[in-house]
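You will see chain A twice below: alongside chain B first, and alongside chain C after that.
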Partner chain A sequence: MPALVAAIGIALIIISRQIDISIGSQFSMCAIIAGVTAASGLPLGVSIIAAIGAGAMMGALNGVLVAYLKLPSIVVTLATMVTWQEALRLWQQGRLLSLPDGIQWFGLSQPVGQTVVISIAFILLIGAALAMKHLSAGRFIYAIGTDAEAARLAGIDPKRTTFGVFVLMGALAGLAAVLNLVQSPQVQPNCGDGLELKTIAAAVVGGVAISGGRGTLFGVLLGMLLLANVNPALTHFHQPPYWEKAIQGLVILLAVLADGLRSRKNQL
Partner chain B sequence: MKRKSFIVSLLILAALPLASCKKSEPKGNLTIALLPKSKGNQYFVTCEKGARAAAAELGAELLFDGPINSDPAKQNEIVENWITDGVDVIVAACENKDSISTALRKAQEAGIKVVTYDADAQPDARSFFVNQATAQGIGEQLIDTAAALTGGEGEFAIITGTLTAANLNEWIKFIKVRQAEKYPNMKLVDTKPCDDQKDKAQQEATNLLSAHPNLKAIIGVCSPSVPGAAEAIKQAGKAGAVKLVGLGLPSENSAYVKEGVTQAVILWNVEELGYLSVMAGAALAKGELAPGATEFTAGKLGKMKVEGDNVILGRPFVFTKENIDQFDF
Partner chain C sequence: MKPILKLTEIRKSFGAVRALKGVSFELLAGEVHALLGENGAGKSTLIKVITGAHLPDGGKLEVAGAEVSHLSPSKARELGIACIYQQPALFPDLSVAENIALRLKKTGIFSRVRWQQQRANAVELLQRIGAEISPDSEVRSLSMPEQQLVEIACALGSGAKIVIMDEPTASLTQKEQHLLFKVVRDLRASGVGVVYISHRLEEIFALADRVTVLRDGESVGTNAVDTLTESQMIKLMVGREVASIYPPCEGAPGKVVLSLKNLGCAASGVKGVTLDVRAGEIVGMAGLVGAGRTELARILFGITPADTGEIVLDGAKITISNPGEAIARGIAYVPEDRRRHGVILEMPIAQNMTMAIHPKLFPGSILRFKAESLLAANFIRDLGIKAYGPEAPGGSLSGGNQQKVSVARWLATEPKLLILDEPTQGVDVGAKSEIHKIIRGLAKDGLAVLMISSDLPEVLGMSDRIAVMRGGEMVGVIDKDQADAHSVMAAALGTNGKEVAI
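Our next item is the complex of A and B:
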């Protein structure tokens, strides 16, 4: 579920024709910030706001560099990915951080807590899907992803929109980190490692065009579910784990191939 | 102007004996310098505790200094200072094998005996490495503990770090060999990687529990896998029904051990590692331990095995509900 929340953000990033590979590091950083504030005795609400706020700030940094300084997002987010990762390593020395009682499941019982986590993710998904379809901000994202110049001539500010998408991505990474944090009594500084791959793959498999401008959040949900089931399926069919990443890679390759074939057909 | 430079040179002259006075300590008492990877780390603070006990028994002076943040450059700096101070023995845990070896070789050239512990330097930069545990010792201790908990029968699964980690694969190899030899009624049903992530270990353990309803035990061979698997067992309501044994730090597992979710955590005895390392350093300086030796007497630990240039600490230590509160690393 936390990965789904992050995947919503990454889908918007890709639709706007950008990429953000720093989200795993943002996620880890937000998780540790939430963990440290909670461990210092502050109420859970403060930790949640701190995590989301920190995420939004890291997203804003990416956004300024990409939207206003016109730097390529892959390079910018590669740099911030490594920066946050190493900063965390220096700060936490890789140790597990124990959380105080009352953080796990928001202090509720396990079944209620699980329901809350799932509900938040789905409400967010439905809300974002509706916004992408019916709100002007959502249409702006599609517009700048299809053709930034045409969007600008139509009166949309591509810089502001791009910046906004990165900030939203950061905030969603922060929220995802919180939803992950409440599922166990300890938090690990590398908890976000690999998240970028997982979410970008889900978006691509779910039909989001890597070239921008096209894709739905419902598709992202399907992509996420498909990829998330590869590993449990292997365990249940008693197959060696070596296949997990190979099958996931193959699925992504097929998705990109299908997308490529479709857009070629459209051009002809 | 002249007057000023005269005062400066006077000051320098006055400072000279200060800089070298440490060298003139009586030669009868050994000065042993213990270098941790990071001096704030509870693991190394516990090593220091053992080292202090050894130094007290030997009547030696123990210096303990290291970087605050596992900084290899800072480690070199500290070794350089110890060379200037003229310590007798340096006992070092190396953050970066290559970077510190140059400094340690320089120490050897200056007549200082060098022993490494916890993490080795290059072989020519020290006389002995105090090896905390052998792959065989770890693998056998893990499977023996699991077998003792399950009565030596039933299905078990392993959660590892990555499928390519050489040290973990080596431990798993010894788990399999021992199981085939001693516990024929146990069956390894799956080995899953957790990518050194606690959360992934939790997912993997959840999958294992539902895919193998007869699972009797899980063995975690990397440290994040143990609390991860514990949380999965707890959330599945199978605490106690599925036994959990793993390699890790007591502090990261104590809550689950006390709840009865994790039955045993295995690690070498860190305090004894510090003790043995200082004993080995002192024995080396006194000539009681020389290259080619097959054993030496290390104080209260008795005779310890030496294999090649490795001093072996021996069987790992098992932390359980009964003793885990005594350890704070």
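Our next item is the complex of A and C:
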């Protein structure tokens, strides 16, 4: 479920013709920040806000570099990915952080807590899907992803839109980290590793065009569900679970290939 | 003498637009053959056919007497066809010698680079064309004309028999021009055939042996240069009668809506533009490609803001620093090249039409689909857009209808000033006259219209006044009754103030 929340953000990023590979690091950073604040005795609400705020700030940094300084998002987010990762390593020295009682399942019973987590993820998904269809901002994201220059000539500010999408991505990564945090009594500083692979794969297999401008959040949900079945399927066929990431990588490659063939056909 | 290049009845269409309607052309060895024509007459398409960039739809292409059926760029190079473009296509981070060597022969990836030989080769070629360029300097550090000379050296070194030069002097100084002329004459003397494209008539007189004039994708004749006068050449280029199919202008123009004083922008090369546009008036903007017309439009729309002079809109002095501001002030800009930037092809036309009016149509930024499709339906009806409905994607429409969608987007902003950039480029004849009627109707309703067009009859037929630009400057504003193809073309070409006899 936490991955689904992050996948909403990554879908918007890809639709606006950008990429963010730093979300795993953002996720880990937010999880640790939430964990540390919680461990220091602050109320859970403060931890949640701290995590989401930290995510939004990391997203804003990516956003400024990509939208306003016009740096390629793949390079920017590669750099911030490594930066946050290494900063965390320095800070936590790889320690497992134990969380105080009352954090797990928001202090509720496990079944109720699980329901809350799932509900939050689905409410967000539905809300985001509605916003993409019914708000000007959603229309603008599709527009800049299809043709940023055309959008600019129509008076849309592609910089502000792109910046906003990155900030939203960061905030969603923060929220995803919180939803992940409450599921266990401890938190690891590398808990977000591989999240970018998982979410990008889910988005592209769910029909979000890697070349921007096309895709729906409902498709992302389907992509997520499909990929969630990879691991159980591997177990069922008695294959080692190490194949999971390879399959995710392959899925991305196939989706990009399909998109490339499609746009080449359009050109002819 | 046998021609080294012969084109017979070459035809080429892009969608509904027939760019070349059966053009024949021949080039002899040791001749400079000028190609002349207005913007959009088909010159670039013809060149692209010769260099193998476009495959013609029909017709015959012979090189040195042998027919070539499927010419590709690499095959063209093997056959000794070289083209020097206005914008040199060199590798900026490599040295001159490396660039020349890369062009001259194909080498395997593991073949040794013979630096000495490569350098000596470059020195020899550069000397032959009299260019004072060090073979070791990085191409990035060279000026545009120097880069052009390197291109010529490449063409020379590859043993090209057919050299095409596309407006090679556009960015050269007087001295560099003379050097280039000498190089061209040397090429001719050594038996190379040169296809020379230029808008500067005096160059054609100075250099060319024969001239072929293209008009509307057809060749209107090949003549020896010394049998023609400048005026006859212009006449061949513009030739057509201005048909009376244009909607008549009605009523007197109203108050001044837009007034430009000494407007300029260093970054886009526009300087000292002074112009008034009144309500109900269509001001046509004529000039050659690159004369600064689109650049002026982009200044007015805040894409490249002005840095000198002033813009007065409805009596108030304003600055425009981004498109959003321009829209808010009532300026609308229908860009050229609508396939790329005018209409988002993947989006339904209703969404395209409301793109610029989100804050107004959707308060609180919540989309109202009913209002949107109602607005779209109205425009589809009023502008006679042929589409199956507001939900049809922009890409499913024909060129003319896409243009109407682009116009609708801007009319939806209820502008005071409408800037149209090449509104009928690539549009078929029927849709063209419909668009003309729409534009005239808008002017009648009191809109101030600034219409950039490279289509001379269109400018003459539609405009109440014609502003002519050349080299980033406004070189004249001609009233409708004094304007004819000759005077406009002469002003756009800048025939050095020489009297153009009719």
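Just so we're on the same page, the second predicted complex is superposed on the first by the 259 of 268 C-alpha atoms of A that agree within 3 Å, B and C clash if a C-alpha of one lies under 4 Å from a C-alpha of the other, contacts with A are read in each partner's own complex, and residues count from 1 in each chain.
By our rule, a residue touches a chain if its C-beta (ideal position, glycine included) is under 8 Å from a C-beta of that chain, and two chains touch if they have at least 3 such contacts.
Owing to the predicted nature of the structure, the values given are computational and were not obtained by experimental measurement.
Colleague: Based on the superposed arrangement around chain A, label chain B with chain C as either clash or fit.
Modeller: fit
Colleague: After the superposition on A, what does A:75 contact: first (chain B), second (chain C), both or neither?
Modeller: In the superposed model, A:75 contacts neither chain B nor chain C.
Colleague: Based on the superposed arrangement, let me know which partner A:147 touches: chain B (first), chain C (second), both, or neither?
Modeller: After superposition on chain A, A:147 lies in contact with chain C alone.
Colleague: Given the overlay on chain A, how many degrees, to the nearest 10, lie between chain B and chain C at the CA centre of chain A?
Modeller: Roughly 130 degrees separate the directions to chain B and chain C.
Colleague: In the overlay, answer first, second, both or neither for which of chain B and chain C A:156 touches.
Modeller: It touches chain C, and chain B stays clear.
Colleague: So, does A:136 touch the first partner chain B, the second partner chain C, both, or neither?
Modeller: The second partner, chain C, only.
Colleague: When the two structures are overlaid on chain A, which partner does A:214 contact: first (chain B), second (chain C), both, or neither?
Modeller: second
Colleague: After overlaying the two complexes, what is the shortest C-alpha distance between chain B and chain C, in Å?
Modeller: Between chain B and chain C, the shortest C-alpha distance works out to 36 Å.
Colleague: Considering each complex separately, which residues of chain A are in contact with chain B in the first and with chain C in the second?
Modeller: Looking at chain A, the two contact sets are disjoint.
Colleague: Could you please specify the touching residues of chain A with respect to chain B in the complex?
Modeller: Residue positions touching the partner: 90, 93, 95-96, 98, 110, 180, 183-186, 188, 190-191, 193-194, 231-232, 235-236, 238, 241-242.
Colleague: For chain A, which residues are in contact with chain C within the complex?
Modeller: Contact set of chain A toward chain C: 133-140, 142-143, 146-147, 149-157, 213-214.
Colleague: Which positions of chain C touch chain A when the two form their complex?
Modeller: Per the touch definition, chain C meets chain A at residues 301, 303, 322-324, 326-327, 333, 335, 340-344, 346-347, 351, 355-356, 358-359, 362, 365-367, 409.
Colleague: Give the list of chain B residues in touch with chain A in this complex.
Modeller: Counting only chain B, the residues touching chain A are 38, 41, 69-70, 163, 189-193, 195-199, 202-204, 207-208, 210-211, 224, 227-228, 231, 235, 252, 255.
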